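Should a chain be cited, it is by its letter among A, B, C and D, assigned in written order, with residues numbered from 1 in that chain.
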Amino acid sequence: MKKIGILTSGGDAPGMNAAIRAVVRSGISAGLEVYGVFNGYEGLVNDNIRKLDRGDVSDIIIQGGTILGSARLEEFKLVEVREKAVANLAKHGIEGLVVIGGDGSYRGALALTEMGINCIGIPGTIDNDIDSTDYTIGFDTALNTVIENVDKLRDTSSSHHRCSVVEVMGNRCGDLAIYAGITTGAEVIVTKETGYDEAEVLERLNYFEQVKGKRHAILIISEKITDVHLLAQKISQHTGFSGRATILGHIQRGGSPTARDRILATQFGDKAVQALMSGEGGRCVGIVSEKVMTIDITEALRTPKKSRKPLFELHDRLV
Amino acid sequence: MKKIGILTSGGDAPGMNAAIRAVVRSGISAGLEVYGVFNGYEGLVNDNIRKLDRGDVSDIIIQGGTILGSARLEEFKLVEVREKAVANLAKHGIEGLVVIGGDGSYRGALALTEMGINCIGIPGTIDNDIDSTDYTIGFDTALNTVIENVDKLRDTSSSHHRCSVVEVMGNRCGDLAIYAGITTGAEVIVTKETGYDEAEVLERLNYFEQVKGKRHAILIISEKITDVHLLAQKISQHTGFSGRATILGHIQRGGSPTARDRILATQFGDKAVQALMSGEGGRCVGIVSEKVMTIDITEALRTPKKSRKPLFELHDRLV
Amino acid sequence: MKKIGILTSGGDAPGMNAAIRAVVRSGISAGLEVYGVFNGYEGLVNDNIRKLDRGDVSDIIIQGGTILGSARLEEFKLVEVREKAVANLAKHGIEGLVVIGGDGSYRGALALTEMGINCIGIPGTIDNDIDSTDYTIGFDTALNTVIENVDKLRDTSSSHHRCSVVEVMGNRCGDLAIYAGITTGAEVIVTKETGYDEAEVLERLNYFEQVKGKRHAILIISEKITDVHLLAQKISQHTGFSGRATILGHIQRGGSPTARDRILATQFGDKAVQALMSGEGGRCVGIVSEKVMTIDITEALRTPKKSRKPLFELHDRLV
Amino acid sequence: MKKIGILTSGGDAPGMNAAIRAVVRSGISAGLEVYGVFNGYEGLVNDNIRKLDRGDVSDIIIQGGTILGSARLEEFKLVEVREKAVANLAKHGIEGLVVIGGDGSYRGALALTEMGINCIGIPGTIDNDIDSTDYTIGFDTALNTVIENVDKLRDTSSSHHRCSVVEVMGNRCGDLAIYAGITTGAEVIVTKETGYDEAEVLERLNYFEQVKGKRHAILIISEKITDVHLLAQKISQHTGFSGRATILGHIQRGGSPTARDRILATQFGDKAVQALMSGEGGRCVGIVSEKVMTIDITEALRTPKKSRKPLFELHDRLV
C-alpha cells in the first residue's frame, strides 16, 4: 500500500480535524502518501481529492469542524454511484481509505471494502451512539459545551425560582443527556431510555420544590422527545417553578476539542493507518475498556445498546 | 442617612452581584448599614429584608445571577402596595434604596422617591436598552457569550456549506445583534432598527454564496422578529446554503461577568452610594462618554433612542 | 454503620467538591449521617468536624477547590497524633471515613484503618500520579487548562517566530506533560520519563526550524527538571527561534471541573460510600479499564509505574 | 490614493487580526488595493509585501496573534534603513500605510510620514500604555485572561489559606494590574503608580488575615517591580498566609479577542483607512470618551499619563 485517502462524513464533530491530522502524519511517517477527500462520499464520486502534506494539517488539532468538509450522500447506497468512487480512487492509485463518521458512514465503508478498497471507520459523532466503542470523537467536547451552558442557566435559574428545561442532542442515544444530567446536578433527566411521562415529570418537580425546598431546578431532555417550550409552559402552570426552555442545538457540534477528544482522535487516526497497513479492511476503530482496537464493521453494527442503568441509578441516589 | 437598602429587579444580568458587592462595601466604608432586599420589589412588600455584612458579599464579584434574587411585581404600580414597602423600610429605618434593573425598575424607584424614600437606579440588563447610559451592566458579558457560541457555530457551518441563523436577545433594542454581527463577521444582521424583509435577506444570502463564493454564512437576528426555524427552512429552499437556526435564549443571561461588566458594576454601585449620601433621589447612574454620572430618572426615561446607523454602515463596508 | 466522615487532604484538585457532594448525598440516601472534616487530617486532630446536609453540597459540583479545605499534616505519622483523631471520631460516633487525596493521604487512611476506623481513599490530584487508577480526579481539568493556555501561547508564538517553553505540573509523573504535548501538537516533550539532555533539545528545535521550516515551536516540560527561563535563553542563543518560558503554576489546580472530572468524582464518591457500607476499610477507589473498583491501599501503593512509551511513540510519529 | 499597506509591529495583541481585516475590507470597499507587509518594519525593508484580498482575511476576526507577523527592528531609526522601506513602497505604488503597534511603532510611522509616505498609527498593545487613547486593542482580552486565571487561583487559595501573588504584564503602565485588582476583588494591588514597600504589603496582608479574618488573599503586581517568588516566601514567613507566586506571562498576549477588542479594532481599522483617504498622515487613531478619532502622533506622544487615582480610591473603599 502506497497511497491512502481520508474523508469525513455525516454530522461533524469536534476532534475530526485532530483525527485527520493523525491520519495524515502517521501515514506520512510510515512512508505513505495521504489524500484528502472533500465533502464526504460526494468528493469520492466527484473526484474532489487532493494530496495532503504535513503542513496542510498544522495547527488544525485545535480547530472544531472538519477541514475536509462533510456531507451526507444518500445515493452512495447505489452500486453505480459507488463504482464511480472506486474508479476515482483507482485513478489516483489510492488503495485504502479512512472514513470518519457515524454508523451510516460505516455502511458506506463496508460496501467500498467489498468492492476492493480497504476501508477503516473512525467513530466521529457527538452523540456517542456507536455501541462498539466506549466513546466517540466529539462526545466529550459536546458534553463540556452542554455543562458550560447549563452552568450559565443555573445562575439565572437561581435568581428567578425557575426550572430550566434544556434540550440536548442525541436522538438515538441519551448519553449526552444522562452525562450532562449527572455532571450538572440536574434534578430530572429524560431520554429515550427513561421514556417520557409528562405527569410524572411535573410531579417530580413539585416534589423538589415543595418537599425538598429547592429554589431552582434543571431538567435535561434529549432532542425529539417532546416540545420543550410546551413542557416549560406546563411547568409554569403546574409547579411552583417558572419554566423556561433552551434548545442548545448546533453549538454542541462546534468548538475547539477538549483534551480527551484530541487524544482519542489522535489515537484513532494513528490506529486506522496501522490497520490499513496491516491489510485490514471493513473494520472500525474503537476504544473498549481503555484499549484502542479495531473490530469488524458488521460486528460493530450488531453491538447491543450500552445500558445506562447504573448511571440513572447513580443519579437517583444523588439528586 | 444611616441605613440604605439594595434590591435587584426584572431580568437578571451578569454583574448584578458585582454591583451589590460595591453597594454593600462602599456603604459600609462610608459608615452606613446596608440591607439586602430579596426578590425585588416583592421583598420590600413582604419585608424580606436582611442586613448584609462585608463577608456576605465576598467572592460574589465572579458570580452570574443575583444573590438577592429578582422578580417582577406588576402590583407595585398600585400606591397601596408601595405603601406597604414604605412602611417596611420605615420599620427598619432604611432611608435610601439602590435599585438595580431596567426601565421598569426605574419607574418603581421614581414612585418610591416621591413617597419619601430616596432611590437611585442602576442600569442592569443584558439588552443595553437604557438610552441614558452608553452601557448597561451585563451587556458585555452577554455579547461575549453570543460571540463564543457563534464562533462554535462557525466551525460546523464551514464544514457543511451552511447558513447559521442565530437568534439573540434584545426585544426593544438591537444592540446585542448589531454588536454580535460586527464582532463575529456575520454576513447579515436583522434587528428592529433594520426592519425585516424576508425576500431581501434571501437575496443577500444568495449574493454571498454565488457572487462572493462564501462557503458558509452567519445571520444574526434579534428575538421576536420572525420564526427563525421557518427562516432557516426558507434559506435551505431558496439559497445555495443549508439553513439551520439556533435560539441562544437564557444562556445569554448567565455566566461569570466579564472584566468590563465587573468594573462597570463596581463603579455604578459605588456611585449610587455616593449619590444617596449626597441626598440625591429619583436619579439613576449611567456611563456617558466614559464618565460615570447620575441623572434624573424622568429625564433618563425620555432619552431618545441611540442611533446605530454608524455601526450598520461599518458592517456594510466590512462584510 | 450509622455515621461516616469525609475529608480532603494534600494539594487540592478540581472535582474534589463533586466527590464530596457524592459522598454526602449517596451516604444520606443510604440512611447514613455524613460529617465533614475541615482542613484535612488537621481537622480530625483538632475536632473541626461538622454534620453536612444535602443542601450543604448544593451547587458545589461546579466549583473548583474544596469546601472542606485541605492541608498537609506531617505529624499525622505519629501514633499519638492519630490517637487524638480516633478519639474525636469516636466522640462523634463516626465509624468510617472517606479520604480524598494522593498517596500521602492514602498512608494516613491505612494507618487509621489499622486503628479501627475503616477508611476508603479516593484519588484526587491533578498529577495523575497514582498508579492504581487509570485517572485521578482533577487530571482532566488540569490538562484542559494547560491546553487552553498553550493554545493562547500558540497565537503569539506564530506571530513572532518563537519557541514557547511551557512548564507544567507533575513532579513524580509526566502525564500532564505528555498528554499536553500530544494534544497541543507540541514539537518537544520533556518529562522525568524522557530524561533531559539540553544539547539534544536544542538540536531538535534547530531541526524543526531549519529542516522542517516551522514558524514556531512549543516545548512542554514537567516541573523541577530544569530552569525553564535559562532554557529559553539558550534557545534564543542556539536556535533560529526566540525562546520564551511560561510556568503555568497553580492555575492548573483551579477552575470549574470538566465533565469527565465531575463524573469520575461522582462515581468515586458513590463507590466509597458503598465500600464503607460493605465493611471495607484500608482500600481505595480507582477506575481501571473503565471499571470503578476498590483495591487494598497496600496493593495500590505497590502498583508499578504506568508506562507511557506508547504515547511517546505516538507523539514521535505525529510531530 | 490607490494602494495602501498595513503592518503590525512590536508585541502582538489580540484584536490585531480584527484590525487587519477591517483595514483590508474597508480599503477594498473604498476602491483601494491593500498590501500586507510581513514581520513589521522588517518586511518593509526586505520587501516582504503581498496584496491581500477580502478572502485572505476571512474568519481571522476570531484569531489571536497577527497573520502578518510582528517584529521589532531597532535599525528602523536609521534614515538609510527607512529609505529602503520608502523605495520598496514606491516600487509597489503604495502611498499610505497603516501601522498597528505601540509608541515605538508610532515613531517609525511619524518618520516615514516625514519621508512622504502618509502613515496612520493604530494602538495595539495589551498594556494600555498609550495615553492618547482611552483603550488600546488587546487590553480587554488580556484583562479577561488575567481574571479568568485569578478566578482559578482563588479556588485553590480558599482551599489552602493562601495568598496568591499574581504578576501581570504592564511594565510602564499599571492598568492591567489595577483593573485586574478591582475586578477580581484582590486584597492588594502593586503597580508603578503605587510604588512598592515590602513591609507595608506584609503588614496589610497581616491586617486582612488577623483583623478581617480572611481565609485567602490575592495580590496583583505589575511585572518588573520585584521578584514575586521571593515576595511569596516573605509572605509565608511574615504573615498567617502561605504565599504562592504565579507569573502569568505571555498567555496574556494570546487568545481569541473579546467582543470589545473586536469592535474597537474594527472601528480603528476602518477609521485609519478613512484618514488615509482624507490625506491624513503622521496621525494615530484612538478612542477618547467613546469617540473614535485621529490626532497627531507628535501630540499623542506628549499626552500626559492617565491618572488612575480614582480607581485606586475605589479599590480602597471596596476591599
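Assorted remarks:
As a working rule, a residue touches a chain if its C-beta (ideal position, glycine included) is under 8 Å from a C-beta of that chain, and two chains touch if they have at least 3 such contacts.
Everything numeric here is computed off the predicted structure, so don't read it as measured data.
With steps allowed only between chains in touch, the distance from chain B over to chain D comes to 1. Centroid distances from chain D, each centroid being the mean of CA atoms, peak for A.
Chain A and chain D, compared by their mean Cα positions, are separated by 40 Å. Chain A and chain C have Cα centroids lying 28 Å from one another.
Averaged Cα coordinates give chain C a centre that lies 35 Å from the centre of chain D. Contacts with at least two other chains are made by residues 151, 154, 158 of chain A. Those residues of chain D that touch chain B in the shared complex are 18, 21-22, 25-26, 29-30, 54, 58-59, 61-62, 134, 140, 143-144, 146-147, 151, 154, 158, 179-180, 182-185, 212, 256, 258-260, 262-263, 266-267, 270, 289-291, 314, 317-319.
Chain contact summary for the complex, chain B toward chain A: residues 8, 12, 14, 16, 63-66, 69-71, 145, 149, 151-156, 158-161, 164, 244-247, 249-251, 253-255.
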